[in-house]
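See the structures that follow.
Two complexes follow with subunit A in common, the first pairing it with subunit B and the second with subunit C.
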Partner chain A sequence: MRRAALATGAVLVLALPWAVPRYFVFLASLIVVNSIVAIGLNLLSGYTNQLSFGHAGFLAIGAYAGALLTIHAPALPAPAALLAAGLVTAAVGLALGIPCLRLEGLYLAMATLAFGFVVVEAILNLDWITRGNDGLRVPAAHVGPIALASDTARYYLTVAVAALLILAALNIARTRTGRALLAVRESEIAAQASGVHLAAYKTLAFVLSAFYTGVAGGLFALVVGFLSPDSFDVFLSVDFVAMIIVGGLGSVPGSVLGAAVITTLNDSLAGFQNYRPLIFGAILIVSMLFMPGGIASALRKLSVVGTAGRPRPGPPTAII
Partner chain B sequence: MAIRAPFLLLLALVLATATPASAQSPGVSDKEIVIGSSNSFSGPLAFTGEQITKFGVDLYLKVVNEAGGIHGRTIRTIYYDDGYRPQDAVANTKKLVEQDKIFAVIIPQGSPPVVATLDYLEENKVPLLFPYQSSPVTRRKRYVFQGMTLSDRSSKMMIDYLAGPRKLKKFAALYQDDEYGKSFLTAFEKDLGRFGLKLVAAESVKRGVTDVSAQIAKLQAARPEVTFLVLVPGPAAQALIERQKIGWTDTLMVSTGPLTDERYLALAGDAAEGVEGLSLWPDPLLSDLPGVKLYREHMQKYFPKNEPNRYSIAGYFAGMLFAEGAKRAGRNLTRESLIAALESIKGYESGILPPITISTDHETQKQGFWVRVEKGRFKPLTDWLKSE
Partner chain C sequence: MTAAALVHVVVSGLATGSIYALMAISLVIIYNATRTLNFAQGEILMVSTFVGWTAMQVLRAPLVVTLIVAVAAAAGLGWALERLVIRHAISATHFDVLIITLGLSLMLRSAAGLVWTHDEFPFPSFFASRPLAIGPVRLAPVSLGIIGASLALMLALYALFRWTRMGRAMRAVAQNQRAARLMGISVERVYSGSWVLAAVVGAVAGVLIAPVVFLSSKMGLVAINGFTAAVLGGFGSMPGAVVGGMLLGVLENLAPLYLPSSIKHSVPFLVMITILLVRPSGLLGRVARRKV
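Let's turn to the complex of A and B:
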């Protein structure tokens, strides 16, 4: 049953470029890229209960790293450039994580918020390589002999990378590291008492989160084709947080759903022009009030009702 | 179930917006021409974005549509908000071209969002009409017709006038640290070189920063006769106020074409008195040019609550040029026939700007005139200056 559903899903994802108009292929690529960021952010928030408002900064680092590699080392195949983008971002995540994870809750949120601004300033000041405010045009990358010149080619690359990263995220709980992270999530004190080095594992979660976001950044550069510091403002970081809250904290499928909903909303509200932020905000508030566990938990509750075979009132969705 | 229904509905709504392909040129049907753009309706340039589109292009097109349209077709516009973010401009432009199947892009705003979509539009052979930005990156593109007078042309007019008839020799610049500012800076240096001069000082201002006191102090130390302001209204007004505060009177402050507007004037208050600049548009409130009078009448008729301003007049003019091109292209309107028609425009009388000639260089505006601020208004000092 589960396997059949997965197979159907995979076929749908792979067939998408042939079934929908061209614009949706681009939009779907953006959704996949945002899903990777949301999963990365969820690795941090889901495991250490800390919110980051600086993921646009990580995305920017990955995007510029990927783009600059594509421009200056055109022989490098796209997957290698993406890996490098992820590693560079992870290194920055490590440097940021060591001091920042000593901070709690609100203070960490503020530190990451500041980090987002610092990254934008750094891009502006490194204009000899980033071209500052003028923006950077990203040429088509390639995988082996295939040039990623069309929306469809780029879509398949993002899907392939996302599939690998989703598998890794789903399986991380089965590793020693994953179990340690889960222990941290359940109770920091209990985990520490069982010999889990709290600071080390929290930093690891931060680094992993940065790696995911960096890879997504590399993909973002290829999909959008143009980078400028204006792209990575604080509202983008807030969008990422909204994705995991709407989708469901700590859930991989929830991250993907959240990314899909927020990206689609952003896109479909573009026509409302100056009312866009207002409508967007209202939708977010309503969804948080009525689905505090996100779409993932709402769906879980629905499926509990469904598999029981007979209609009965579902468990309460909200305790407010 | 009721909980996720809105989301499913929204997703379904988005998926359902796919429009059937038309047999003619995209965006042109028997009864209609569809054009549009991604623009700023939120973010730093939201006011400008709204004025050039809804109160500018749409104002002129309302008049055209009410008079029966162009060769029997009415014109409809679609705009999406990018909030000045390039990636949103890319997404919106792709959506306009591939989903809404627009015929042409009209008056998108700002260098970064426009540059982000240039290659895509050129590859897909979609006309990009009159982008509202001044960097020469749009030059020499088959499908692009530049709107605003480009920075190197503005610079040439400014230096020719100041170093020529006004015989001024020591120039400095306060510029925004991006494509807008730097394209002016490069042009200033080149044009001053023709007079054997160079900038005695140049200070940059980061975009979004309003405190310019340190830069003003440094510029004053260089003792320039002329200080160019290549900024946006906020920091430019701040520069004038700062200068007044420190009592720096022996320099002439000069604003660039994109800056010389009523907004900058209002923000600076009495600190703007005596400031000069290059104006790209006649005074939208006071000019008695026939086209400007008509523009005010139309504004009064359709949007009586919206005060005339140079953004909406720029959009109005863009709508006028598009309509002229579409009229000349005839009933068989295609993207290629529109380009040929626009290229054929010679000595076109708009009643707003001097006669417009668009040749194969695709630059629709190449002029400006000199103004000085007197009693809070721009008073013309010269006739139209030439940049060729």
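Let's turn to the complex of A and C:
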């Protein structure tokens, strides 16, 4: 049953470019990119209970790193550029994560908020390399002999990368690292008492989160094809937070669903810019008040009801 | 740079700093009562200033009436938001409430844009615009007026916290919510009171700052500098909020003199990151001890 559903989903995802108009292929790529960011953010928030309002900054670093590599090293295949973008962003995540270990909840939220602003300022001021406000045009990258010149080609690349990262995120709970992170989520003190090196694992969550977001940034650069600092403002960070809140904190499928909902909503409200924040604010409040676990937990409840009230004792590994 | 010019820069820094201090105080009032950060604080300031301005346009009323209407609107808005939205999440975690206030902030700004458009409007000031010359020093009356009015409001708040029943109740809840409840204090009423008081302080700050930055749906962003000021002083400490606000205002005005002028808008963020890394408890804050 579950296998059949997954297989159907996979076929639908792969067949999509042949069934819908070009614009929707682009939109779907964007949803996939945002899903990767949402999963990355969830690795941080879901595991260490800390929210970041600076993930647009990480996305920007990954995007500019990927774009600059594509421009200045055209021989490099796209996957290598993406990996490099992820690693660069992970390094920045490490540099930010170590001092942020000292900060909790509220303070971390504000420090990451400030980080987002500083990244945008840095992009503006490094205009000899980032071209500042003029924006950066990203040429088509290639994978081996295939040039990623069409929306469909770029869509398949994002789907392939996302599939790898989603599999890794789903299986991380089976590794020693993942179990340590889960222990940290349940209780920092209990985890520490059981011999989990708290500082190391919290930093690791930060680095992993930055890596995911950096790879997504590289993909973003390829999919959108044009980068400018104002596309990475604080409202994008708020969008990412909204994705994991709406989708479900600490859930990989929830992250993907949340990314799909928010990205589609953003796109369909493009003509009503004035109403967009009004609707987004309402969504945040309503999902916090009435649907605290997000779509993921609402679906889980539904499926429990669907199987004739037989509550399944879901293993903790089912979440993330 | 002459000494007189330096005095001028410092005084206008103190004026901006007073506004930051008022924003920081209103954030701290809510934080102390409910342990959450109110992201919508700046938007409450903006909306209540707009309401006061509308009253002035419609009634052709003097500026004092504008101030009274703005304060009344803020009190009503603060009460309504707490009663209708925040109260429902009273058992939620701080982060849930943070997200809710973030949603409120988005909604209020967007709604204000729909009602009053996103344009900038000039706003009359209580104070004359001709600079005051004291010897070689030239000072803007606006700056002095903002500083004076803010100090007066801070003293009034001090008196309220020190000598009134409500103020004592608020301090008790800030210290220990459960003990306060056991002493017969209605924590719910303190929640309401804190939101109303914070909104009122914000409205006064809004009417004071609107002539300087213009009235617009974006003016709520001043709250971000209020956060920084509160963190700089030590989040939760009232004297810290005042010191942090003043210090931030002066730093922001002095930095462009010695560093590239484009740095001005980054100053609050650089200050915030530095203080969080070096001394997260702020200048006057106490280090929180955690129990298992």
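We take it that the second predicted complex is superposed on the first by the 308 of 320 C-alpha atoms of A that agree within 3 Å, B and C clash if a C-alpha of one lies under 4 Å from a C-alpha of the other, contacts with A are read in each partner's own complex, and residues count from 1 in each chain.
The working rule: a residue touches a chain if its C-beta (ideal position, glycine included) is under 8 Å from a C-beta of that chain, and two chains touch if they have at least 3 such contacts.
The structure presented is a predicted model; accordingly, all values stated were derived computationally and were not measured.
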* To do: With everything superposed onto subunit A, say whether subunit B and subunit C fit together or clash.
  => fit
* Asked: Of the two partner chains, subunit B (first) and subunit C (second), which one does A:Met291 touch, if any: first, second, both, or neither?
  -> first
* Just subunit B (first), just subunit C (second), both, or neither: which does A:Asn274 touch? -> both
* To do: Would you check which partner chain A:Asp230 touches, where first means subunit B only, second means subunit C only, and both and neither mean what they say?
  => first
* Structure fact -> Per residue count on subunit A, the busier partner among subunit B and subunit C is B
* Determine, under the contact definition given at the top, whether A:Thr264 touches first (subunit B), second (subunit C), both, or neither. => first
* To do: Answer with first, second, both or neither: which of subunit B and subunit C does A:Ala4 touch in the superposed model?
  => neither
* When the two structures are overlaid on chain A, which partner does A:Val241 contact: first (subunit B), second (subunit C), both, or neither? -> second
* Which of subunit B and subunit C A:Leu103 touches, first, second, both or neither -> second
* Asked: Could you state the shortest Cα distance, in Å, between subunit B and subunit C after the structures are superposed?
  -> 6
* Asked: Can you list the residues of subunit A that touch subunit B in one structure and subunit C in the other?
  -> 274, 276-277, 283
* To do: Within their complex, state which residues of subunit A touch subunit C.
  => 49, 51, 99, 102-103, 105-107, 109-111, 113-115, 117-118, 121, 125, 189, 238, 241, 245, 274-278, 280-285, 288-289, 292
* Which of the residues in subunit A end up touching subunit B in this complex? -> 20-24, 26-27, 30, 124, 132-135, 137, 220, 224-228, 230-231, 233, 260-261, 264-268, 270-274, 276-277, 283, 286-287, 290-291, 295, 298-299, 302, 317
* Asked: Touching subunit A in the complex: which residues of subunit C?
  -> 37, 85, 88-89, 92, 94-96, 98-100, 102-111, 113-114, 224, 227-228, 231, 235, 262, 265-266, 268-270, 272-273, 276-277, 280, 292
* Of subunit B, residues touching subunit A in the complex -> 1, 3-4, 6-7, 10-11, 13-15, 18, 38, 41-42, 46, 50, 78-82, 84-88, 90-92, 94-95, 98-99, 111-112, 115-116, 119-120, 177-179, 182, 206-207
